[in-house]
Structures are given as structure tokens and as C-alpha cells.
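One chain, subunit A, appears in both complexes that follow, with subunit B as partner in the first and subunit C in the second.
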Partner chain A sequence: LPPPAHLCLLTLLLPLLSSAAPISPAESISQAYSLALYMQKNTSMLLQTYLQYQGSPFSDPGFSAPELQLSSLPPATAFFKTWRTLDDGERLSLAQGAFLALTQHLQLVRDDQSDLNPGSPILLAQLGTARLRAQGLLGNMATIMTALGLPMLPEEDTLGLVAFGASAFERKCRGYVVTREYGHWTDRAVRDLALLKAKYPA
Partner chain B sequence: TAVISPQDPTLLIGSSLLATCSVHGDPPGATAEGLYWTLNGRRLPPELSRVLNASTLALALANLNGSRQQSGDNLVCHARDGSILAGSCLYVGLPPEKPVNISCWSKNMKDLTCRWTPGAHGETFLHTNYSLKYKLRWYGQDNTCEEYHTVGPYSCHIPKDLALFTPYEIWVEATNRLGSARSDVLTLDILDVVTTDPPPDVHVSRVGGLEDQLSVRWVSPPALKDFLFQAKYQIRYRVEDSVDWKVVDDVSNQTSCRLAGLKPGTVYFVQVRCNPFGIYGSKKAGIWSEWSHPTAASTPRSGGACEPRGGEPSSGPVRRELKQFLGWLKKHAYCSNLSFRLYDQWRAWMQKSHKTRNQDEGILPSGRRGTTRGPAR
Partner chain C sequence: MALFVVFQTTFFLTLLSLRTYQSEVLAERLPLTPVSLKVSTNSIHQSLHLQWTVHNLPYHQELKMVFQIQISRIETSNVVWVGNYSTTVKWNQVLHWSWESELPLECATHFVRIKSVMDDASFPEPNFWSNWSSWEEVSVQDSLEKGILFVFPKDKLVEEGSNVTICYVSRNIQNNVSCYLEGKQIHGEQLDPHVTAFNLNSVPFIRNRGTNIYCEASQGNVSKGIEGIVLFVSKVLEEPKDFSCETQDFKTLHCTWDPGTDTALGWSKQPSQSYTLFESFSGEKKLCTHKNWCNWQITQDSQETYNFTLIAENYLRKRSVNILFNLTHRVYLMNPFNVDFENVNATNAIMTWKVHSMRNDFTCLCQIELHGEGKMMQYDVSIKVNGEYFLSELEPATEYMARVRCADASHFWKWSEWSGQNFTTLEAAPSEAPDVWRSVNSEPGNHTVTLFWKPLSKLHANGKILFYNVVVENLDKPSRSELRSIPAPANSTKLILDRCSYQICVTANNSVGASPASIIVISADPENKEVEEERIAGTDGGFSLSWKPQPGDVIGYVVDWCDHPQDVLQWKNVGPNTTSTVISTDAFRPGVRYDFRIYGLSTKRIACLLEKKTGYSQELAPSDNPHVLVDMLTSHSFTLSWKDYSTESQPGFIQGYHVYLKSKARQCHPRFQKAVLSDGSECCKYKIDNPEEKALIVDNLKPESSYEIFVTPFTSAGEGPNATFTKVTTPDEHSSMLIHILLPMVFCVLLIMIVCYLKSQWIKETCYPDIPDPYKSSILSLIKFKENPHLTIMNVSDCIPDAIEVVSKPEGTKIQILGTRKSLTETELTKPNYLYLLPTEKNHSGPGPCICFENFTYNQAASDSGFCGHVPVSPKAPPSMLGLMTSPENVLKALEKNYMNSLGEVPAGETSLNYVSQLASPMSGDKDSLPTNPVEPPYCSEYKMQMAVPLRLALPRPTENSSLSSITLLDPGEHYR
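Right after this comes the complex of A and B.
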């Protein structure tokens, strides 16, 4: 074909190609990985800020209460062997489930704190930002699922009735667990996505 | 697990509290043995605790202090190994006092901003909510202000729907967990508390070569230009390095003023503010606006380029003394027109008449003779 016609054909095809072809797994994984890394930089600050506002013993330096847990949040820690041998679908859907729960719990904690600590805009802003970032990561992970041709996780209510009727102290503890687990799950997401990044190189 | 009772109690400062921590469930056979209490992270002395029965530990607190944080004091029941079993937030404080000193002002009759002070003793140790309420005196229902903290923590802004020529009743309600208090009612007419923007376009300039004066010019605030009012203005000025302001009061209904008695060769900062006095026939003075942004200008330096034109080279000591005399005259006599300008005009006139006198006598630089007119000798 004479050169002009060659180009002509290409320019006709390109728009069609780009709209039909989905984003590549490598690209979406890379994006999600960057976001998770970025989130990781702020998670300990969120936890510290949160604890400061609850008073002692929460605000004491080095406070840690691993015995406090929430049954509505999946645990971030797993046996290494189990974690390593998860398939892509399981790995991603576990992470998705966790961040879905986290976005809902972070909203709950923000509501609790606007009641317990009214007039603390810094804390409320940080909780809001964390929720938005978790939501962003959820979106990125959905894109990866689509790119890998995996089924999407349905959105469900992870809070249920646990949200209502909690006392002030219970709400303080709950916020601690959520901000703590947010940090743990962000660390885990970084590792999950690093694994996927290695598996689907650009 | 365990449970503390009572949950989230609200208590008056100095009161006592009896609390219990009851364990149940897992691990099975859990007892009250070894449990202990902390309040705000500090372990409580064992003599305050008592084992009520196998699964319940009691606590007796007396003479409680005000809560350390607004989210409540943390009373925690710990297992022997220090882990948290249960907690309860204590809210210890005082009911709010009557808010006082409500003051309000309206910017250009468009809105109303009010400020108040919380009751005398201040600290209630509990989060206290303030609500500014207002209503038309003669009818209508109560309205609540919605925009808080506009000029400090105890303030609110009502942006619209305000009636003129009719009195409003305004008050503040303070509420916390222990009770509420209401301030006295303030009655006012919007027109009596009007303030406006500072005068725009303040210009400060020299008055010719005069070393001790500056002329200040401004524009009356445009927002109120359609409303009848006798504006009052105040000017304040200070030397660049000083913190002492001099105030010129009683500048009524004019948009310029001359500052006198200033130091020569000095930079001055000048500000102007406006009071929309007697707006719409209100009998009261309005509220002074903010000061305009400082405008700077400098007075001419003596012996410099701003020397008044006089023709003859200056003879220093004579001029200095003359200046002092003129300054004194100005202060002590009502001759406000005295100035160097006048002196120099006189000198210029003297020179001219001197020339003509010389011509008369025939003593001219070029040696020409001629007839002249001039003052008779």
C-alpha cells in the first residue's frame, strides 16, 4: 500500500482498538501498587492522631492493645505459606473485602469522633482522607479484577447492627481497631500488589 | 469479656461514683481475682476496689475532678495481664453558666454578626454547645443562627432576611450534658448597629513643599452611598518607627483633611475609618469600621529639593528662626494661612519691587536708564 493509505488505515483502526481493549493488568496493578505505597506513608500518622484524641491510656506513648478486635473486620495477618499460595482471584478478593469493610468502618469512626471529639477538624479531616484513599484503592482493585477477567466482589454492608448502641468507650476502642487495621491492611496490600506486579510485569 | 456499669455516666464535679466490672463467658471460669482499675491510664489504689462476688469487682471513687478531655475520662477494667477487658467514659463537669456580653453589628445593613462571652467561670470540662437565637420582638417564631465561629469561637453570623426599622430580640443558649443556661435578651434595631467598610482609595500626599504637612484624601464607603447618613471619620497617623498613634477626631462629612505639625523628612503611616452615623435617621452612632490599610507618605526634608522657590539662595539661620516663629504663630494665633509659601511670596514680591525701585534709580544690571512705576519712596 502506498504510505498515505497505510497511515490512513492505522488512524481508522486506533480509536477502535483503544475503546475495545481493556486496560492491561500490568498497568492497573502498577497504579494500585503506587497508591498503596502512598497510603502506607500516612497510616501510622492516622493511628497516632486518633489515639491522641482519645485520652489516656490510648494517648500514652507506645499504646497497644492487640486483645481489642472487631469481628466485622477481616484480619490482615495470615500464615506466610497460606498467603503465598493464594491464587490471584482469592488474593484480590480478600483485599477487596477488607478495604470495602475499611471504607465503611472509617465512615463510622468519623461519625463517632465528630460526636466524641467535636471541634477536632484535624482528626476528622484525616479520617475522611483515609476513607477516600481506601475507596480509591478499592476502585483500582476492581480495575485489576476486570483486567484479569475475574468476577467482581458485590458491595455489601459490613457493619450490620454492630454500629448501633455502642457506648463511648466501645466507640473509642472501635476507632483504634479500625485505624490500626487500616495500617495493617495497607501494609498487606503493598505486599499483595508487589507479588502481582512481579507476576504481571509491564 | 467483661462489662462495666454504669456506662458513660455524667457527673457533677466533686460527686462520688460506684462502679462495677463484671466478667463472664470466656475464658470459662474467669473470675474477678486479679482484675484492677485504671482511670485515664493511671492505676487506682487497691483500697478503692472491692471484690463483690466471684465475678464482680467494685470501685468507689469520691470527689471527682473535672474531665481531662472532652471525649470523657477513661475508666478501664484490666485483666491480671494488663489487657483491656472493659471500659466506661466518665463525663465530670459543671452545667453551663449564663452567656454574657452579647454584642452585634450589621455590615451595611445586610447581615448581622454577634459575639458573646461564656459565663464567668469559663471551664465546664464538658463540651458545651452554644446556639444563638433571634426573633422579631413583636411577632414571629424563634430563629436559630447557623454560621458559627465567624469571628472567634463564640460568634455567629446571620447572612440574610433581616428586617430594618423593627426591633429584634437576641439571646444565646448554652447546653451541655449537665444542663443549659440562657443569656439575657438583647433588644436591638439593625439600623442602630450598622458598620461599614473602611474608606477606599486613601491617598496621602505632600502639600507642595511644606515640610510639616501632609494631605489625606479618601472616598466615602460606596456600599452605603445610596443611604442618607452623615458619615463621621477618624484619621490616625504615626511615625514609621513608632507605635504611638495620633488621632484626628471629629472629621465630619468631608473626604479630605490636612495633617499639620509633622516632622520634616519623616515617613508617616496613615489610616482612616468611618462611622455611618445616624443612618436612616437612627439616633445612635453607628459602629466604627475597620481602619483602612495603612498608607505611607513622607514629609519633605528641610534644606532639600523641596525648598520653596524664592530665587535668593537661602540664608540658613534666618530661615530656621523664621520657620520656628511661623510654627509658633500658627499654634498660638488663629492665622492658619501663615506658611513659608506666604513668606516666599512676600520675598518674591519684594524682589520685584526692589528691581523696579532700582530701575527707578537707574541702577540696572545692564546700566540702562528708564522710567518705571513702583512704590513711592
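Right after this comes the complex of A and C.
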């Protein structure tokens, strides 16, 4: 990550750290939107890096297994009408829940990979960065919800019971689903925040 | 007999029945069928774990038993394994036994049954197999979670090259399942509609992160799911190589080995192999933290012998190597110290060093290496603690490097590391005389001798040469010898000697002393012997020279030459019995001429020039072409010459010249041959074989033709460089002839002109004498003398030859004649022009005598008649109408006639008139155009021309052409001048 990107990230994460001063909804939405856009640029690279380290079939060109899902991770796809008619509270709660799950899953995948690919600092760094950004977006969303006066979601262990005995292949698949869904949820968050941004202009 | 037979039969039957009874009783007493068979599975090891008990065993008794176990797969009849398991069984003991399945247990239901037999000496024959236990079914499939596809075994760890069976379970038989190993499809054997097994033989090691094997379920082209496993293939653990232990201090044993391949796998499936050191005598064990070495602490001084086992171990295999040794035989000495040199002189030195003492009465074997001058010497020496070695036969003034290493002399194990030091020997006097040569330049009265010497080699210099001493001694006259000291690194000096014989001694000197002297004698006679130069050919290796031996005793020969381009004198000494040598040096350059002189050295050390040789190590093509002059150019020949071309300064011996001639003619001239140039064009070529023939007459040429010529020299290596052709054009054949004629003519004319100039007075007098001036005439004086004032000599300029006076006179009669054209004629003819031949008032300065010149162009008849009347010629007028006008009226009439073109008004008597008027009258050539183009006669009256027309010519033809001539005469444009 280049230094300017670090700085940028830092400023975006700033509201998370300094929650003393109340922030207007538009401002917080705008900040969250900027972070989501920034995240969007790196999600496909994370997925590609991840697949590259897993061997065939993951590293095969054009690999895609949409049927692979994780029960502990809510899917980002939704019917458009349903999604469009969500109210602010539902919309933000769904996204918040998903990114909460994603932060935990990204940590799990990073642990798995540090075991399997200890000699791949690039992948481990990217996974760590992705988790940090997901956490940053979570913080931004919490600020928006506060600003809009919406009730906060109770933080829960979305990962639930983890099958620690999962086989290596299952763990590879799990990592694939997590990195893929991270991208999908980031795309959805950009759309969600764009909607909110339009609704609460500065 | 029959009775006996019956008895016997009864006996046997009884015995048989008794026996049967006995066994039944035994079996009844010991029904040893295995009972309580329980089978469990271990997914990690893919093994079935059996446990059972044997009932009815005697209390507190151990019995040897054999159990036969049958394992079936999928169905009971499909027995895949049968085996015996022998063990001793105690009363009430639960027996355990495991079986590892090749096929993953999840992929098929397994059935197990067991039976037993007594195999104990305490139970004599007969022994019977028990009944089989009932089949025990083991099915792991039922425990599978939800899903459509499962692949087994998961995360199996195997060794490279082993055989592995994998299988998949597909819940939906509609699905088409394809399986791949690292992207390459594998084909298996269907065990049942849901299960397919794949036997992978000799699996390869691909990477330490494992090998992916995955199956994809699909219906049509729609992927239904993907499932796979990671097979962890480990490299085969190698036996440690080169395992050895040694000590430097009898406190620590340092053991090393080559570990071979690291068998660590990712996903924490298998760490790197571990190494353990085990010593059997002490029974101690140490887990090594490094993978290729381990230190073992020597604790007991008494232990001399060690038996080490190095065990390498990973999850799949254990390998070990063993060494047995005596500690004293594994001594690796520390490197020697305090290496020093004593009493160093020019050729000797004493080397000293110390070794670490191991114990009392310890002997070392040491090895010394001496490096110097690119050579290496090796010496071995046996010492105790302090080492010393006398190094002899060293070279003076040389830097040496000496190093030493030692080992235990009693039990050689290995050398220690080297310890070394540099030292330099002292200088000694140079051991050899310098190689000296000279060149002599004889001048009137003295010789200039330049001495050259070669620096001594390091081997002979024995130190740094500081200066050279040159001692010159006159051999003819007793005198003091002269000593010159020339500091190094000079390698020559110049001496000017008079015409005496001299002996010159040269020595090289360093800080210690002088070398032996090199002696040369310069004879009194100058070296002017004429020796012919011989050409030789060099080769890549150099010049091969040979010469005739000098008569008399010689102590040797010297060949000298000059290096180019440095111009440094080089020489080579040759032994007295040799008359040939090869001069080879890298300094020879191609295309440079080298001159060699061969001298014989007499016993008196006087050099005598024997032969001269010259040649090129490699001849090159000439570097430049001659500048060719073309002269004697004629229409049929010309001469080419290049006299100033130097053949000596060329990069090869010039053998001749090629003259190229290009012409438009297809055929070459005689003596010329056809040749093709490098650019492909054709031309004619003439070869001159004599390098000194530097001219050529090219003849048989055509006049007025263009020729191109090019002259290039050639050596054995080829021709000179390509250059442009010179154009020569032969002149015209006649032009030369003209020159031959014109030149004498011009000369003659000039001659005549000169003669004329010189005799101009005479010619003038002869050809054009002066016209006498009347004023200066003697007659004039005579007239003056008579004083007649009326008589003067007339000036030509004073005379006006004639003049015409024009008089206007109205003429009324003319109006009637004109008729309809009255108005015009009125204006035009109101002032008729009269012409008088009178002198004009202006020009007539005064009354004076006048000399009249007759105009002979007038017709004699007209002049004779005495009239000055002008009769114009009417174009239309027939000759018969032209008549002589005898009065001014006639003249006017004639004019009117002309102007008005009236008919039948010419007087009858005018037929003889043949006078053409001088007066030009304006008139129109065409009567029809007259009214539109009126003319003004008064202004047009002008003297134009006077001419006499002969009668026959004055009769114009009755055509319009005649009027044209009149128009020409009376051009209206002329009037207004």
C-alpha cells in the first residue's frame, strides 16, 4: 500500500477514533461512501491474489464457483425491488451485519493462510488490510446510524461455531467465498451509500 | 479270525466314538468364539479398530490363540481382506486390532467378522476353528453432513511415490462427476452408483503446500458443486550423509552431517524432520536444534570410545546413521599461531610457529606451503609445541607467503586451518650480464654509437636495478677508460667516439653490487660495407631468416630490426652454430615493412654486417593510388604517367600496375583485356608488371571519343583502393589539321603586319599618297602673287547644290474638272505648289560664285529639253498618255491627273516624257479610297527622291500593284515629319 493510501485510510478511519463530536448524516455518509469506493478498487486484486496461492482449480484462469456459499456469511445478492425499498435502518443493519461477519471471516481466512502459506507475506498483508478496511467501514456505518438516530445492532459472534477440523480444501473454499463476498458486499455498500448520499444531501 | 476282525472293528469304532466324545466335551468346555466384537473407525488414519473378548477362558491362564479376521466391503460376500492375528489371551481380556483401509472408509460400508482357534502347546491336538462371529457392519457414510458431493480422504499425508486411493460419494446419481488432480482429469472405478474410487499410483511431490484433487458435479453444463481434498505428499526422508564428530579441545564434540531434503509441509501437516543424537555407551540422548550440526558435551574424561546414532525423523519415516570412534582419533587441531620468520637473507629464512598443546607427549604433523614467484613448495615437518623450519633456496628480493597447518601425528584425522604470513628476501647482486647491442652511425671523423640494453629479468636482477655502468676503453691508444653511470630505467645511451677501436663494457647494478659485464667492441673501420637487400616473406608467426655463415670464428650472430611505429631497435642473439632463426613478436604489424640486419660477432666481439633482409609480416593492398597525369593527347592516343608515385612507402611490395580503361566501344584495345569491376561494370584492363614502369601510351583510340581511365598499383594482397576514373576526351581529327594550317597562317599574317608596320611610310607613299590641299598649293601663292581678288577657292561646304521653291498659285479651272469632288479639291488645291530650283534665302550667305554639279541621274533627254517640270507617273495612265509637259500648266495638269485620276486629259504631245519627278506628291494608290483619305498636298511637298526611270521601266503595268509602289513612295507617315 503506498503511503498516500495509508494517509487516506487514516483520515477515513478518523471518525471511528474520535466519536466525541456529533457529525451530520451527510458528512458521515460521504466519508463512508469515499471509503467504500476506495475499498472497491482493491477487492478484485485481493480475490485474484488469494486464488493464485490456492492451486488448481482456484488458480485456474476464470475460476468461479458461485454455488459455494458459507452459511455464516449472508449473501450480498438481493432482489432489486426488495433492496431498493429497504428503509435506512434495514439497509444499514444488513450492511453492518454483513461487514461484521466479514471482519471475523477475514481474520479466519488470514489465520488459515498463515498456516498454509507462511511464505506469502503479500497475501497475508492484503487479507489483513481488507479486514482493517471492513472494520473502518463498520465504524463509519455506526456513525451514520448514530447521526440518523437509528438503533445500533448488538454486536454478536456472527461466525458462530467454526469447524476447526475443516479440511485444507474446505478452508481454501472458505477463503474463496469470504474474499469473493467481501467484494460483493463492498459493491453493495457503495450502492447503499450512494442511495443514502442522494437522500441526505450535504 | 472273523471274531478277531469283529473285535477289532468294534475296538476302533469305540475308540472313534470315544474320541468324538472327548472333543465335543472339550469344545463344550471351551467355546472360544470371539464375542462382543465392536468395530470403530478412525478417519484420520482411515483405519478400522476392532475390539473383542474371548469367553470361557480358563481363569488365570494365558493361552496362545489365532484369530482369523475377514473384512468385506459394500456387501458381506465381497471379502477384501482375510488375515490371521496371533496373540496370547488372558482371561477376560479385551483384544484390540486395527486395520488400515486403502479405500477411504467414508466411501463404502465395511463388514467385519472374526473366528479363533487355540494355538497353545498346553492344548494338544486336535484344535478346531471356532464359528465365525456375526458380521459387524461399519458405515461412515451415514454420518456425512448435508451435501451433494464428498471427496475422501481429507488432508491425507503420504510419502512421495506411494499409492493412494481416493474416492468420492455423490448423493445424486443424476450428477455427472469429473475429478481432477492439479487440473488434470483422473479416471476411476465405480464401486456403486454413488461411489467411485481412484487409484493414484506413485504420487509425485508437487509442492509443500499440498496437491489439490477436486471433483466437480454437474448436470449438463451447469456446475452443481465443487468438492476436493488436499493430498499432502511429503518428500521421502533421506538418511543423513557425511555424519562425523570431532573435537578441538576434548571438551566438546562437534558433530556435523548433510541433512538432505527438508520434508516440511504446509498447513502444519508435517514439520521439518527432527534430528536426535544418541550415544549408546552412556545411553544419553540429545535433540538437536540445528538441522545439520549438533554439539555434544564431553563429561566423562574416562570415556574414550563413542557410539553415536543420529536419528532423523518425520511423521512418516525414521532414518538413522551410526558412527563408532575413539575420541583421540577425532582431533581437529586449532590452527597454529605466532607464525614468524627469523634470519631472513637473500636466499634463506627460518619460519617459526606454535600449536595449541592438547596433552603431554603430543606430536604434531605440520605442513608448510611456500608461495612465491608463481610457484608453490610444500614441506612436512613433525613438531611438539613449537614449530621451526628452515626455508632455503629462496630467490633474492622476492616476496613470499608461507603458511602452516597441523594435525595430530599419531592419529591423523584432518588438517587444521591454515595460518600464514608474508616475508621478503633480501637483494643480491645481479646474476647475469645485461643483453647489450648497438647501432653505429659513421660520420666523418667519428662514430656515433648508440648502446641499447634490455632490462634484466626479475630472476637475474636480484633486486631493484639502480643504474648501469658503461666503461669505454680505447683499444688503439693507451688511455684512461671512461666510466659513465646511467640511472635506471634508461635502456640506451649515446657515445661519440673517434676513429679508433673501442671496447665497451656494460654492467647493471643494484644496491648490493654489479652484474657481470657485457662487452662490445666498436672497430675503427666504419660500417660501410655494401650488402644487398633481400626480400623475404613474413608469416603469421613472424619472419624466418637464414644466412650464410661467416667465414672464420664467430661467437654468435645478432639480428636487429626496428619496431614500428615506435622505431625502437630490437635485436636477437643467435648462437654461433646457427644460421637461421625465426623472429616472432606480437609487435609485427601487417602492412609495415621491416628491415632486418644480420651481424656476425667475431671472437674479438666486433660485429660485422652480413646480410640485409626486408619484408612484410603480411602484405596489404596499396593504400593509395598514383596521381596520373594525362598528356600527349591526340585524336588517337594519349600518355598516362605517374612518375611521382613512391613504391617504397606502400604496405606491400608493389608488383605492378593495373590500368583500367572504359570506353563506349565494346571491344577492348589490343593489349587490354576485359575485366569486371567491383561495381559490376565492364571495362578493359592492362597489366604492367614492372613497378618502375610508371607510364603508358594508350593508342588506337577514336577521335572525339570519351575515355575513362584509372591506374591502380597492386601487391600480392591486391589492388589499391577504388577511386574514380579520370575522363579523357580525344580531340577532333580535323581540328588538329586546322591547327596545323591556322598556326602558320597566323604567323604569316603577323609577319606581314610587322613588315607593314616597319615599312609603313613606304607603303603610304606607294598606295595612298596625301591629297594636296588647294590652300597650300603653290598655285595659290601664284594667284596671290597676281592679286586677283575675284579668284578664290571655293569651299565645298559653302555650296548648296539645289533648292526647290514652292509657290502657291490658285487655279480656278481645276474646279470644273473635279466635278462632284469640288469641296475637296478646293481646300486642297487653293495653294498649288510650285517647285523652283533656287537657292534658299537662309542658306544663301550672299551672292557668290557657285560651282554646280550636274545630276547625271537625270535622263539625258529631259535635261536636254531644259525643263525642270515634274511629271508624275499615273498608275492608270497608259504610256501613250504620258507626255512631256512643256509648261507649268502641264505640270499642274499632270499633278491633277494624278490626284484626280481623271481620264483623257493628258495632252497628246506628252508621249515622249520619261522624266520622273523628284517631288513626292501625296496620293492615294487607289482612286476609290481617295474621298475618305484626303491628302494635303501643301504640307506634303517635300523632296523625297530623285531618280531617272528609263522609259521601259516607267511604263507601269495596268495593275493595282503599280499603285502600291506609289504608296510606298508617298507614305502618308512621311508627310508629317
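One rule holds in what follows: the second predicted complex is superposed on the first by the 180 of 202 C-alpha atoms of A that agree within 3 Å, B and C clash if a C-alpha of one lies under 4 Å from a C-alpha of the other, contacts with A are read in each partner's own complex, and residues count from 1 in each chain.
Assume a contact is a pair of C-beta atoms (placed from the backbone, for glycine too) under 8 Å apart; a residue touches a chain by one contact, two chains touch by 3 or more.
Because the structure is predicted, anything quoted here is derived from the model rather than measured.
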When subunit B and subunit C are modelled together on subunit A, clash or fit: clash
First, second, both or neither for A:L68, with subunit B first and subunit C second: both
Subunit B versus subunit C as contact partner of A:P118, first or second or both or neither: both
Touched partner set for A:Q107, first subunit B, second subunit C, both or neither: neither
Touching partner for A:D60 - first (subunit B), second (subunit C), both, neither: both
Candidates 58-66, 130-138 or 184-192 of subunit C: the single one with C-alpha clashes against subunit B: 184-192
Subunit A positions touched by subunit B in one structure and by subunit C in the second: 53-58, 60, 65, 67-68, 116-118, 167-170, 172-173
Residues of subunit B defined as touching subunit A within the complex: 4, 7-8, 38, 40-42, 68-76, 83-84, 86-89, 127
Subunit A contact footprint on subunit C (complex, rising order): 151, 154-155, 180, 182-183, 207, 209-212, 214, 216, 223-230, 232, 266-269
Interface residues, subunit A side, partner subunit C - complex: 53-58, 60, 65, 67-68, 115-118, 167-170, 172-173
Of all residues in subunit A, those that touch subunit B in their complex: 53-60, 65, 67-68, 116-119, 167-170, 172-173
